[in-house]
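Naming follows writing order (A, B and C), and every chain is counted from residue 1.
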Amino acid sequence: MAEPVLEIRDLRKSFGALKATDGVSLDLMPGEIHALIGPNGAGKSTLIHQISGSIPPDSGTIRFLGRDMAGLDMAARAKLGLGRSFQISSLAPEFSALRNVMLAVQARQGSSFRFFRPVKGDRSLAGPALAMLERVGLAARANTPAAELSHGERRQLEIAIALALGPKAFLLDEPMAGMGPEGSKSLTKFLDGLRRQAPILLVEHDMDAVFALADRISVLVYGRIVATGTVDEIRNDPEVRRAYLGEAA
Amino acid sequence: MSIALLIEQLLNGLQLGVMLFLMAAGLTLIFGVMGLINLAHGSLYMVGAFACAAVAAATGSFWIGLVASLVAAAAAGAIVEVAVIRKLYERDHLDQVLATFALILIFSEGTRWLFGSFPLYLDIPPLLQGAVPLPGGGRYQLYRLAIIGVGIVVAIGLYLLISRTRLGMRIRAGESDREMIAALGVDIRTLYTVVFALGAALAGLAGALVGALQSVQVGMGEPVLILAFVVIVIGGIGSIKGALLGAILVGVVDTMGRFLLPKALALAMPAAQAGLIGGALASMLIYLVMAVILAVRPSGLFAAQS
Amino acid sequence: MSAVVSREAVVNTLLALLLLAVPIAASAAGEPFYVTLATRIAVLALAAVGLNIALGLGGLVSFGHAAFFGLGGYAAGILATHAFNAEPLFFGLPGTTSMPVIWLVAILVCGLVALPIGAISLRTTGVYFIMITLAFAQMIYYFAVSWPAYGGEDGLSIYVRNAFPGVNTAQPLPYFLLCYGVLMLVLLLFWLIGGSRFGTALQAARQNPVRLAAVGIAPFRIRLVAFVLSAMVTGLAGALFADLNRFVSPSMLSWHMSGELIVLIILGGKGRLFGPLAGAMLYVLFEYALGGITERWQFFLGLILLGVVLFARGGLLGLLAGKARHG
């Protein structure tokens, strides 16, 4: 059996009396989309923050490509190939869509300590960046400042940035949020193809998308994973129905 | 070096610390509740000192002057809050720095306009003149002891105000959640004006008290302001407790550094040289302390907000 | 969009030509005072261009850049004094009156001092950063005041303006042209840095540090390098300022100076290439014009500044060239 790309073991994080992450273990296997679902306040965001490196866990390990992530900050983890999108769009608002993606291309290529050569007209940056914008269908808006993009376009730009990093795994935090039915449909199709490039840990509220995409689903409730399995197993799991789907239905 | 001298220096450090606390408490309260960085806080200190000196000279009573300093500084604070500061709460820190920097220019030149360029002098009131004996044989100025007493009273008063009164409850609510407090129906504009005036009055009180120890002149608030910044950075911005402990730490370290460093260096080098080097090092000491504390705890010792 | 950009370019060119033409005309008309005034503008603008790397591109509100301005000034003063008195500096090294050497020393010293100050200060953000940079500058200020070897509170005179190969620096116009040349060169460097990979990362760190970290670039290192570069440029300006006045004193290190440098940038227009120059022109002209009318000119400067912050946030360039745009 293949090694997991991302391996989380017995992760714990408390805020005062609140156990936000309570002994979570989770694997992301090569080529899979692993969806993480759970009711609001289940601790999904806290978990994502710990994986991406913006919150340190109290205990437990996170291994990525076999390497322990303890002590590495967000930038170091991103550099190793952990590509992340954000629940709320997180872009450089004054930069154009293209320059936002060029920043990611630049980061992937290595040194940002080049002081004089203009990035404008640097084909080694603009070329790949434009290609990513084309892939997500945003090429026509390349020169528009990110602040002036629509909500859906910003989500697309987030994905383009994550793609440009050429990551070994994607960490997508509610990519469908606020997309509308049409946007969700096309993004679902897009993510379906993306798993061939790198496995995806997908946090998502849109159950249609989750059931369409996920190879496996883990259900997080009150900081614990109460079930992990295929779409059918999760649909029919009585505990999940009670704890989670029951509420939604 | 005698024990009496050491105690005297310690008390001087404490007195400086108390005075810094009066400044820092207002600054940290204003930052904690309104999120505003106020460079013009030193100007309110100056307003207090000038009001006290001018009124004391006119009436012959330090105590009337002291009341005048509180009134003048609080009024100046309230006017400035309504006219200018109110427009800055939603702005970034850069705009706040610039606007309050502009206020310093206006206050300083305005005061020079009113009072001229010569310093004013304020006498210690007869009631507090003289000195008290210290253990070990020295004597200590009664007035400085009184300043320490005022600081203790203000610290207790602030503690009671914030933990026990309705105003204090609103201040605490304002620190944690601005929208909630607005939703509770508290008139947030008035609250902000009151908090600002309270901070201003404390600064004015500090200026008036110190006015009797040194000359009252334009620009007197600026060194104190910067020390007060060091205090709240060390203590944690927004924390009154941090301001109190930070102020005492800064006051004692600064005073003892100036006193002890030249003596310590004199053990290793000629006295004249030790005095120069020790003096120069002592003037940098609190900033070094601050750097060390921040290197370990980037948001101060008692950060109120994470 | 291109129309807006070219409008700013036109305004910038006009400002640059104006600063060049006025002293040349004044010199021809036998009015060296105006040449000195223009030199003051050029040097203050240079100091503010330095700060603008940290503040404009990186969003780092350093309230302590007077430290570097003053250190640059003291580098010039101390080296010149040792050369003048023919006393070795330390380790037997001599002083010097050569501007290129002085500039190099000023730049290096400021870089070396900025490195630890930046490394500590950049662990914090927001108000903490503002106050800590202020406090470090005060530390250096008080050291300069209490250290008597180089004049302490009274400052240090440079008896003869230092020398630059091929330029008669003692004459106002050649010295102005030298400063002007340095300013234009540094503006070119600023423009290149702003459009480079480093500049992209630095501006991203200002707009959204989390985004920068998420693509794998640590904001801290980018900011630290920017802070050091910024200090170096401001230090160079300090050396020129000391030579302009043939005098350096702790007032160059004071927090008023730090405030003034920020004011220059905001008066001109934050984050814009020529903002510091436009701001320095306005500031020095205010100082000169108001100072001619009333002794209390700082009072009115305060009012004007308050008006700019509250009502005209784009500064002079915002009025002349419209809203700033980024690529």
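To be clear about the criterion, a contact is a pair of C-beta atoms (placed from the backbone, for glycine too) under 8 Å apart; a residue touches a chain by one contact, two chains touch by 3 or more.
As the structure is a computational prediction, the values presented were derived from the model and not from experiment.
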- Task: With chain centres defined as mean CA positions, report which chain is farthest from chain A.
- Result: B
- Item | Nearest-to-centre chain - CA centroid comparison | C
- Message: Centroid of chain A to centroid of chain C, CA atoms only: how many Å?
- Response: 43
- What whole-Å value do you get for the distance between chain B and chain C if each is reduced to the mean of its CA atoms? 31
- Item | CA centroid of chain A to CA centroid of chain B, Å | 49
- Message: Could you list, by residue number, the parts of chain C that touch chain B in their complex?
- Response: 55, 61, 63, 120, 123-124, 126-128, 130-132, 134-136, 138-139, 142-143, 145-148, 255, 259, 262-263, 266, 270, 296, 298-299, 301-303, 305-306, 309-310, 313
- Quick one: which bits of chain C touch chain A in the complex? Just the residue numbers, please. 1, 189, 192-193, 195-201, 203-204, 207-208, 210-219, 222, 225, 326-327
- Message: Can you tell me which positions in chain A touch chain C when the two form their complex?
- Response: 52, 54, 73-76, 78-79, 84, 86, 90-96, 99-100, 102-104, 106-108, 111-120, 125, 143, 145, 161, 165
- Message: Applying the document's contact rule, which stretches of chain B touch chain C when the two form their complex?
- Response: 31, 37, 39, 84, 87, 93-95, 97-99, 101-106, 108-110, 112-113, 222, 226, 229-230, 232-233, 237, 276, 279-280, 283-284, 287-288, 290-291, 294-295, 298-300
